[in-house]
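Take a look at these structures.
There are two complexes below, and they share subunit A, which is joined by subunit B in the first and by subunit C in the second.
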Partner chain A sequence: MKRFLSSMIDGRGFDIGLVGLPLAFLLTLSGLPLLYNIAMSLQEVDMFSLGSFWRPFVGLKNYRDLFAQPETWPILVNTATFVVASIAGQFLVGFGLALFFWTNFPGASWLRGLFLVSWVMPGLVVGAIWNWILSGDFGVLNFILRETGLIDGNIFWRSDPGFSLWAVIIANIWLGTSFNMILLSVGLSSIPRDLYEASELDGANVWQRFWTITLPMMRSSIGAIIALGLIFTLQQFDLFAAITSGGPNNASNVTQYWAWDLSFRQYDFAKGATISVIMIVFVMIASVVYVRSTRHEVRG
Partner chain B sequence: MTAQIELTNVNKYYGAYHALKDIELSIRKGSFTALVGPSGCGKSTLLRSLAGLESISSGTLKIAGEVMNAMPPRKRDVAMVFQSYALYPHMTVEENLTYSLRIKGVAKADRKKAANEVAAVTGLTNLLGRYPRELSGGQRQRVAMSRAIIRHPKAFLFDEPLSNLDAALRVHMRKEIRALHDRLGATSVYVTHDQVEAMTMADHVVIMRDGVIEQQGSPLELYDRPDNKFVAGFIGSPAMNFLPAVGGPDGRSIILDLGMKQTVSLERAVQPGRALVVGLRPENIELAPADEGVVSVQVALVESTGATCFLTMATTPELSVVFNGRSQAQAGDRVGLNFAPASIHLFDADTERRLPD
Partner chain C sequence: MAIRGSAILGALALAGVSLFGLSAKAEDVTINVWSLDRDIQPAPNLISDFNKLNTGIKVEYRQIQFDDVVSEAMRAYSTGQAPDIIAIDNPEHALFSSRGAFLDLTDMIAKSTVVKTSNYFPGPLASTMWDGKNYGLPKATNTIALYYNKDMFKAKGLDPSKPPQTWDELVDAARKLTDPSANVYGLAFSAKANEEGTFQFLPWVQMAGGSYEHINSEGAVKALDIWKTIITEKLASPDTLTRGQWDSTGTFNSGNAAMAISGPWELDRMVSEAKFDWGVALLPVPEASAERSSAMGDFNWAIFSNTQHPAEAFKVLEYFASQDVRMFKDFGQLPARSDIAIPETGVPLKDAALKVFIEQLKFAKPRGPHPEWPKISKAIQDAIQAALTGQMTSKDALDQAAEKIKAVLG
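After this line comes the complex of A and B, so read on.
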């Protein structure tokens, strides 16, 4: 009995240790900076007060100032456009590819693995490659569009305010598609084969099987990938740095790049922190969606 | 007696592997046919070919008189109950039942009515709103069957539907499936590896081995007159005893080799000196006092379940005997064994085929 009790107590201590260590790690390396960031967004911060924590408290002044700036709303709209278009593109192309590889033609798994190359490449390298592809005078994208007759003159993807944001979106779709594809492939392969056989015998054609079996069975995978997509696109920084630097005239600027620009190039740390806090709210929402959709697994 | 399903000269290859060999099978409308055999014998492949989930390489497959060789499964109008049940996990029981109707475009009210009718027959009325994960194994099994019933298909195909249930429930569901079959007047094809299931449920049993139909007929025909040693050993539990023997010199007896030679006279002619395998069902052997039986042997093991008694004899090869009641004999005793000459099955030792009577 005594041994049983002591093992229980030992076990409990071990549990707390297992949970406590990562929790302490998270608190020091994520929680504290997060709180510090929120505090900073409510203070007046400049180069000289950066070293001390006790700075003048200004309430929501930073937020009011931020929204009074003329470029704030366009940048927020840019961010929304970037997120929605990137996720839509990555998801649709990724799902299409996942379905394509799911048909399991010879060499499918090998080719699918090869697709991951785009995802493991650093964003700056991807950006450099896309700079060449998107180049206005001799870029291969313009060449293809011109030769197929879709455009008459060259598009200056990176310097035309109407296209610069889309230049980054195209590169980001290319970068994120393979991750979508892999995650959706896993979801597809976890659908039991006999469900399709049963629905086929029940009279469903390919299209009906897709809508009544594949999509509903993929609900949790799709929820997870879209939530992750939101988190990843809101983190996408390298491509902006490499392709447009947010220009021209903020035409392709987004909050995550702007926050960095304000803090570390204009040294307006309070505003940078304020933007980060706004972004945290959105990422939190995405995280909740992600956690919920991976918890509600529907399996028979 | 119209044939609902007809297979003529059907072959199936997986690459070089010959999975079904010259299958000739005619399944009468309204009959309950069991496909039975050890694993890998091709019974599931045959069933899946009927459903259209596998394509046949050659031959003709007709369902209700129509050639179905290249017809996709959804146009064959057959329903299948899977071993795993294959219930749609994201749909309630009611949605599972009415899935085929929904695909067909039946109105919602009619679907609900049909689901209620079938649920009343199979006892699912209180479970219509549940999801498959909230059901027990037996209930899932019922949903799978109801999903098939609701369609009024040309044939029901069962792919080892009871193998995931525990023993008691299996015996119960056996009766239930057979009762449903009779009630619906359906044509059923039932795949199982369990010969007891096949014998108790089916009116027509097809025994397969290595892609070949070894024998088909009514359960008792197969039991009484197995065509070959494989069928004889497969049907019946406990399994038939096989003893090596040769034809006796007088042409009307056999010499059994049970470690020592024992002569048994028969009421039929046997070619002298011919190498034979003698088949004797354990339930056809009776115990007798040591000096009175046809043969005399020593008891090696006595197992009793209370109602029946299993005896294993210390012979080579082993000989088992089963009878109702209690055994007086103990392990180590010498006993005599009696059996009617008519209950002896004779097979050729080389071809393993049954000798003509």
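After this line comes the complex of A and C, so read on.
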């Protein structure tokens, strides 16, 4: 007993306790719902059996049915396009802005703070505003494009199957850029100044300094921001609900919106869970890549 | 023994307290009612009036949000915590009645002196039925018709007293009224990929002799072809595909559309916003002699089958039905009753419009009723959108929908 206590205060027990508490927390709050979700995807679920756990087991039927549906592959492709384009856009614009404010001109920190406004706004509000901006007949975006002579006729951003997904991507890039910028600014400011001074003395130009100092030193920040970006884009739901509702004809439908539509509009909870499981697989792959890419990191 | 006896008594007392609620008098029966009505809408007002009557029945009210009605009700029913009475959107009614979650009211209605099924419009009443039995009562109702801008009709040489009667006349009028240079579309309606799209499209199918069970009939294909003509010729905004009825009719009110298909819920806003002379006409039919049809919206009352007090719950429904005369006067909603005249409002445009809507209601048909309505509706929405975006022909799109619906109907 005494040994147990002393190990709890300072020793193996303490270590196990430190690891065990968050692990237990993670298992109950994330692990169990995940497992429940997987179980649900293997069952036949309808609204009247929602309250009980013991429902008819149907094996992989939900998965087979799902992939037999004609809209499944286009929606998966849409999701991939949405994720890649959103992250790329948010990251590039965010990094550009972070570098811009890093030059520390007068008022830079003040302006940088203002940029955060977009991140503070709720998704549904952002969606409603972009809904107006992107409106076909009277939208501001069409007005600007027309006045500058870039287009002749109105583009129906929300209703043209060729544009609707990009309409949501544009709104999502706007929404996520400031968050990228802030995290990358933090990364930039943690790079020791003397590195730049030394390389300048050695005669490195701006490009060389960027490629050989800034980028490598930012590796962990960039890894983190892209991993977070993947999570944020995969859970982006409000913009779809507010701007296109996944339409027209599923042209802007993505898995996260589709899962909700199946579960809560068509009351097909098993299919909704099935899509979620497929999404979990993709997130797992992404997180493995992220963990491996930052494993050998040396901070300094 | 004595201890046991008093323990049982105590348990009973506890159960009594939790059943009837602490605030109710001991002899009162408590009936729980859920609906989405806010404080200015019927349910909470009718309930507070009912409670003042001191009938020995105490009604408790809970407001639920539109998006939560079905999921809350399901969860409550499957865990045995359902209310006694709920207001449910009419296309969802069959989902519950077919699974025995709602109480069969056929006998109670037959014996009732207050509720008579013959007093209701056939469409709303049909939405409460399943397998020939009554599983509820219509709460209120609405339908859609054609709004048109009389000033624009005059300006384009059309007779404002002769709104389009047939589909061809509608398309013709829309062609004449469309004026891109003035930012005016001929028609505004909604083909959105949600229940609103189905709500607007199904009447067209029914007028042409089709139905959701025969969604790829010749008439239905013709209906979708007409919609396609309207969209591809830009007689309506391409945003029709992603815009709901409320936003679409907004463009009519602002003078950017010469006609609009929508329901009586637009009237108050239109009276205050539309700065022109307008009228309402019955939905145009495929050809002059064709059968009329229209959409049917709004909620129904139902009693959950696991209620402890079916007789008392039905008394509450009888009270609600007895107050249907106040439905329009006090709350601006249309009662689903053909025996109740809508009182004049004193606003001439609105009164004329209401007469058309009441006439249109005679032809209103429910969506379904079918327990898997959301899936049927989704198949129809997909077909509308596939055809209107030009990705499929109307025939192919509706064939695909028919295939999906066949799988649902089994």
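The definition used in the following text is that the second predicted complex is superposed on the first by the 259 of 300 C-alpha atoms of A that agree within 3 Å, B and C clash if a C-alpha of one lies under 4 Å from a C-alpha of the other, contacts with A are read in each partner's own complex, and residues count from 1 in each chain.
Criterion: a contact is a pair of C-beta atoms (placed from the backbone, for glycine too) under 8 Å apart; a residue touches a chain by one contact, two chains touch by 3 or more.
Everything numeric here is computed off the predicted structure, so don't read it as measured data.
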First (subunit B), second (subunit C), both or neither touched by A:208: first
Subunit A: partner with more touched residues, subunit B or subunit C: C
Which of subunit B and subunit C A:136 touches, first, second, both or neither: second
Partner chain in contact with A:216 - subunit B first, subunit C second, else both or neither: first
Contacts of A:49 with subunit B and subunit C, given as first, second, both or neither: second
Touched partner set for A:251, first subunit B, second subunit C, both or neither: second
Residues of subunit B touching subunit A in the complex: 51-53, 72-74, 76, 78-80, 82, 84, 86-90, 99-100, 102-104, 132-133, 147, 151
Residues of subunit A touching subunit B in the complex: 192, 194-195, 197-205, 208, 212-213, 216-217, 219, 298-300
Residues of subunit A touching subunit C in the complex: 47-52, 70-71, 135-138, 156, 158-161, 164, 243-251, 264-268
Complex contact set, residues of subunit C against subunit A: 67, 70-71, 74-75, 77-79, 95, 99, 101, 183, 192-194, 237-243, 251, 256, 374-375, 378, 382, 385-386, 388-389, 391, 400
